[in-house]
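One chain, chain A, appears in both complexes that follow, with chain B as partner in the first and chain C in the second.
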Partner chain A sequence: MSSTTQPIARGSHFNRILVIAGHAFTQLVRMKVFYFLAVFAVIAIASNFFDLPQHEGPESIGMNVLRSIKSWSLGTMTLFSVVLSIVATALLLPKDVEDRTLYTILAKPVPRIDYLAGKLLGVLILVFVSLAMMDVLMTVVLQIRSSMILTQQVAMAQSQGWPQDAIESLRAETAQHGPNWALQGAVFAVFLRASIMASLALLISTFSTSTLFTTIISFLIYFIGHFQADARDAYLQAGQAGEGVFARMAALVFSLVLPDFQNFNVIDAVIEGQAMPLMVLVKLSLIGLYYAVFFTIASWFVFAEKEF
Partner chain B sequence: MKAWQRNGILLAALLAFGATRLPLEKSLGDELRKGGLAPPPLEIGTRDKIGQTSSAVALGGLRTLVATFLNLRAFSFFQEQRWDDVSDTFEMIVDLAPRTRYYWETGSWHSAYNAASYYINNSNMPSLRRKEAWRAAIYRGRAFLERGIRNNPSDWSLLSTLGFMLTDANKFPAFRDPDATFTAAADAYQKAVDTGNAPAFVNRAQFYALARAKGREKEALALARALYADPKNRLPTLRALLLVLEAHENPALDTAKLAVELFETPERALEALSGHWQRTRERFPVDGVAGALGALEKMLAVPPEKSILNKPLQLPNGPDQWFSK
Partner chain C sequence: MAEPTPAVEIKGLVKDFKTSFRRQMLRAVDDVSIRIMPGEVYGLIGPNGSGKSTTMKALLGLVAPTSGNCAIFGKDSLKVDSRNDVGFLPENPYFYKHLSGAETLRFYGKLCGLKGKRLDDRVSELLALVDLENARDRRLGGYSKGMLQRIGLAQAMIQEPRLVILDEPTAGVDPVGSRQIRDLILKLRERGITVFLCSHLLEQVQEVCDHVGIIFRGKMVKEGRLDDLIAIEDQTEIIIKDASPELISQITALVGNSATASLVRTGKPRTTLERLFLRETTQGKDS
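Then we have the complex of A and B:
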């Protein structure tokens, strides 16, 4: 055994996971996923030009553009992160089987949970890095545009003789639509939702026979996950609408098995200029972590006895 | 372990996991709804109207993005003057993004201002139909804005926009009872002031609305005196209305003397009160103004042929004129 592999074999779970994650990350980067950032840059800049000559009072000049930048940017981030987390995760296991890398890794004293966790972490690092880069770009565009708008608004307010407190109120209102902590929280919520999808895709890929199957099922679950809360409410308010026992049981199973993505729609509220309390983000993070841990353990449970 | 045993354990674990997270997610969902951070469920009608693709995108957590697309579509309808389509599109937009002030204001503006103006000028329709379409467009714009206010009760701008619409000389003739309309405008402005975020002009606008509502003169006078105490509020309209309300309160008042006090010089008083006298379309009260003008003109030796009181007043130019042909 070479001297470079010894520390890995003898090292802790954490070290092994990090090495596998690094490898998965490199593998995905070589697939040129970062080219997407060029598309994102075009979208972020193009969203600046949707300044329609519609109704705007002097005190809300340009506010719609700020909302447009956030809406387009966070929408693109959501699409990119969900697609990347599902497709990349769905691709990793079959690709390792195809390249025969999986046999090499599993032939070494590498626990299968470390392998799965490492692969998932690699995908999550890639999603995180991509989102962070998009976030920086969005924040820069938003900062430049909101400064321009604020300058216009203050000049307008001063020309109309607004008192200082009213100007400060206007400034604060515009700042709500500019780059702020709530927006960073919304980007993190996008990451959490993508993390849940990646861990779910990992679970599906452990018993799936093809990448396509994993991808399709994961996307279906993603969309259905936005209705999960409706099913849960239908179960909890059972009897009020006169549903039968079968409908209630179906609603219960539906809400127990599928993830709930409606809580992540808090991103929409941030785009509309509302503040996201830190506790909400903490709770979303805990829920995201809970999903990721459970789906990874469940993946290991299936993968542990899989023959290759 | 056999496959069915493994699958059984996995399913049981999945259900147990679901049962533990269910209350957590429900409580977070309730908290978000209570804090206005979770949008209400999308109406089935909206899901149908925006089409399956947009509906899927909206349900995939991209409601505001779909609203942005629909806003672009609404703008095209606006350019083509398809008012019903503009209205329908904004109904969908506000269902997708009910917290965005811009959509409520723009949707209402399209209806109450653009569509209403279009019907004034559309010569292809008989006058009676044009008048009813004009009135209906203004009513729809007002109703849309009021719905926006119910969804965003702490938004000063929506309240102020409603007040502005109800005191607009081109809009209030659409409503049957002008006093009720001015009172509603004053109430909207008052609520805007109560949010604590409204700029100072909203407070003055509240007074301008209240001064026009018959039966609310005492209240308006008290507000006028309070506003006048701050030098920043001493605009010509406020000074003129303060004089009018004082004269209404005390008909025996020497209005010329008060006018000079309020406007500082007889020349300025004459100029400002002449302007007020001519503003007939806005239906501002004019108690004591004629007397003050007469006395000021005498004081400044204005010849009778140049007297503002002998000049013809501006025509009302309201719906009766617009729809006479």
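Then we have the complex of A and C:
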């Protein structure tokens, strides 16, 4: 039938995962998800004009504007990346089952783990590309605005006869609020948090019966993740309840299974102009990797036994 | 000479499903055994809900048997390797609407390890086989039901499998599309590809299959060669063209004189409504 009679070599796991990831990415792109970038552009530009409560001197006004741009931009990135990672992941699996396209894929020599990993990777590529584009936009806006502010502030300081070291100090402080590596680290942290949520949504969608259920439960866990560390500490310090070995083990298991998103509060520190040490970024990367792998393997255990 | 490995071997397949409240087990397939040799076209027929699709899914590893086992060319169906040699077209598939016909075939081809020129050639070859060359760059969202079934058949064939499993391949397709799919199945048979199809359209199964199994309420109630199953052993059919009334009278008298034979029926053979429809619609298209 075919022009060639050579047997077809089965591709590697990696190749199949890439094929499925590439397809999932294309599928989501063709759902026109990148339209939200226009919304982000509007927010990034509008954040230049938001008035924040002002208690400091006139030299701080510029820094507050830069802080506002970072705050609004990173906040919007968080919102978009978390919503995108949860909704896109929650949508892909049930849609394939409903349309029976899953049958045609699993009827090929495709192990189920390849299918799951491919879908997850496709969503992560989409989130990464989206964040990268938003990051570029934010950096450009921040760069233009910080050089404008720097020029204005230096002129103001010189007209008021500030000493040179004070001017240099003001210049350094303003630069801290401009685009820098800490800010890129914060954007990467936003990506890591979205990756955890995508892999969690993948796990839920393997046993969930609907996209809505997966989405609601994922958001619920996302919110729990923001105060689970406080709840755990309060429990362990609440008299006898937290003294037993069982209670401590339960708290440990709880933290291993449910992500603690307070680790990502460093993003807020970057908005305030603080640096992000490399070790913090490494720690966040390891946390992200741990949860992504843990949830994906758990998804595989459920999905491997699933019948269609 | 040793007997070749069966393309499909299902032994004592039983599949139970839990009902919604998990109190009762529903037996969808009850001790079904099927053996299909390479090159055969096997039709599994039965009413809706009789266990046809479940049997096929068990063969593809999409459901795990409660007991019994299934093998494709000697490989256990639950192992991924068994899927190297099989192509599957599910009932009413939708595929990815955002992909074109060629992109769809490329996607499935890459999943099977095809790449480069070999993949390009295979995609073009299959699009020609299923008569969709003109629609190769059109998105599947704009395909008709018949075109979807044909692209589905092409994706099932992408890695040159030795076995093709078709679940209700003509469900919801108009007679012209149905005829095209049937012709494709016949082409597969000519090329020595084993076909395992299930349908409840009996006339269609009769036209393409050489072996059939009848499944009812999960049990295999009849199985064998189609010719053996449908032949009426004590009757003989003679079809004569341009017979005069005198000749008919003579034959009738001859049979009447026989001590053992009796005339059952005389009359004109009828075409099927489907053939009439195809003839009329094809003429309409040509004019």
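Structure notes:
Everything that follows uses one rule, which is that the second predicted complex is superposed on the first by the 269 of 308 C-alpha atoms of A that agree within 3 Å, B and C clash if a C-alpha of one lies under 4 Å from a C-alpha of the other, contacts with A are read in each partner's own complex, and residues count from 1 in each chain.
Simple rule for what comes next: a contact is a pair of C-beta atoms (placed from the backbone, for glycine too) under 8 Å apart; a residue touches a chain by one contact, two chains touch by 3 or more.
Worth saying up front: this structure is predicted, and the values here are computed from it rather than measured.
Look at chain A after the overlay: chain B and chain C fit there side by side. When the shared chain is aligned, chain C comes close enough to touch A:106, but chain B does not. By the document's definition of touching, neither partner reaches A:209: not chain B, not chain C. Applying the stated contact rule after C-alpha superposition, one finds that A:159 touches neither chain B nor chain C. When the two complexes are superposed, the chain touching more residues of chain A, out of chain B and chain C, is B. Shared-chain residue A:284: touches chain B; no touch with chain C. Per the superposed model, the minimal spacing between any CA atom of chain B and any CA atom of chain C is 11 Å.
Chain A residues in contact with chain B (one complex) as well as with chain C (other complex) are 305. Within the complex formed with chain A, the chain B residues making contact are 1, 6, 9-10, 13-15, 17-19, 21-22, 24-26, 28-29, 31-32, 35-39, 41, 56, 59-65, 67-68, 71-72, 75, 78, 97, 99-102, 105-106, 109-110, 113, 157, 161, 197, 199-201, 232. Touching chain A in their complex are the following residues of chain C: 57, 60-64, 80-81, 83-84, 86-96, 98-99, 107-108, 110-115, 118, 121-122, 125, 152, 155-157, 159-160, 165, 191, 193. On the chain A side of its complex with chain B, the touching residues are 50, 52, 54-57, 59-60, 63-64, 67-68, 70-72, 74-75, 78-79, 82, 157, 160-163, 166, 169-170, 173, 193, 222-223, 226-227, 229-230, 232, 236, 253, 255-257, 260-269, 271-274, 276-277, 280, 283-284, 287, 290-291, 294, 298, 301-302, 305.
Here chain A touches chain C in the complex through residues 1-4, 8-11, 15-16, 19-20, 23, 26-27, 30-31, 99-101, 103-111, 305, 307-308, going by the rule given at the top.
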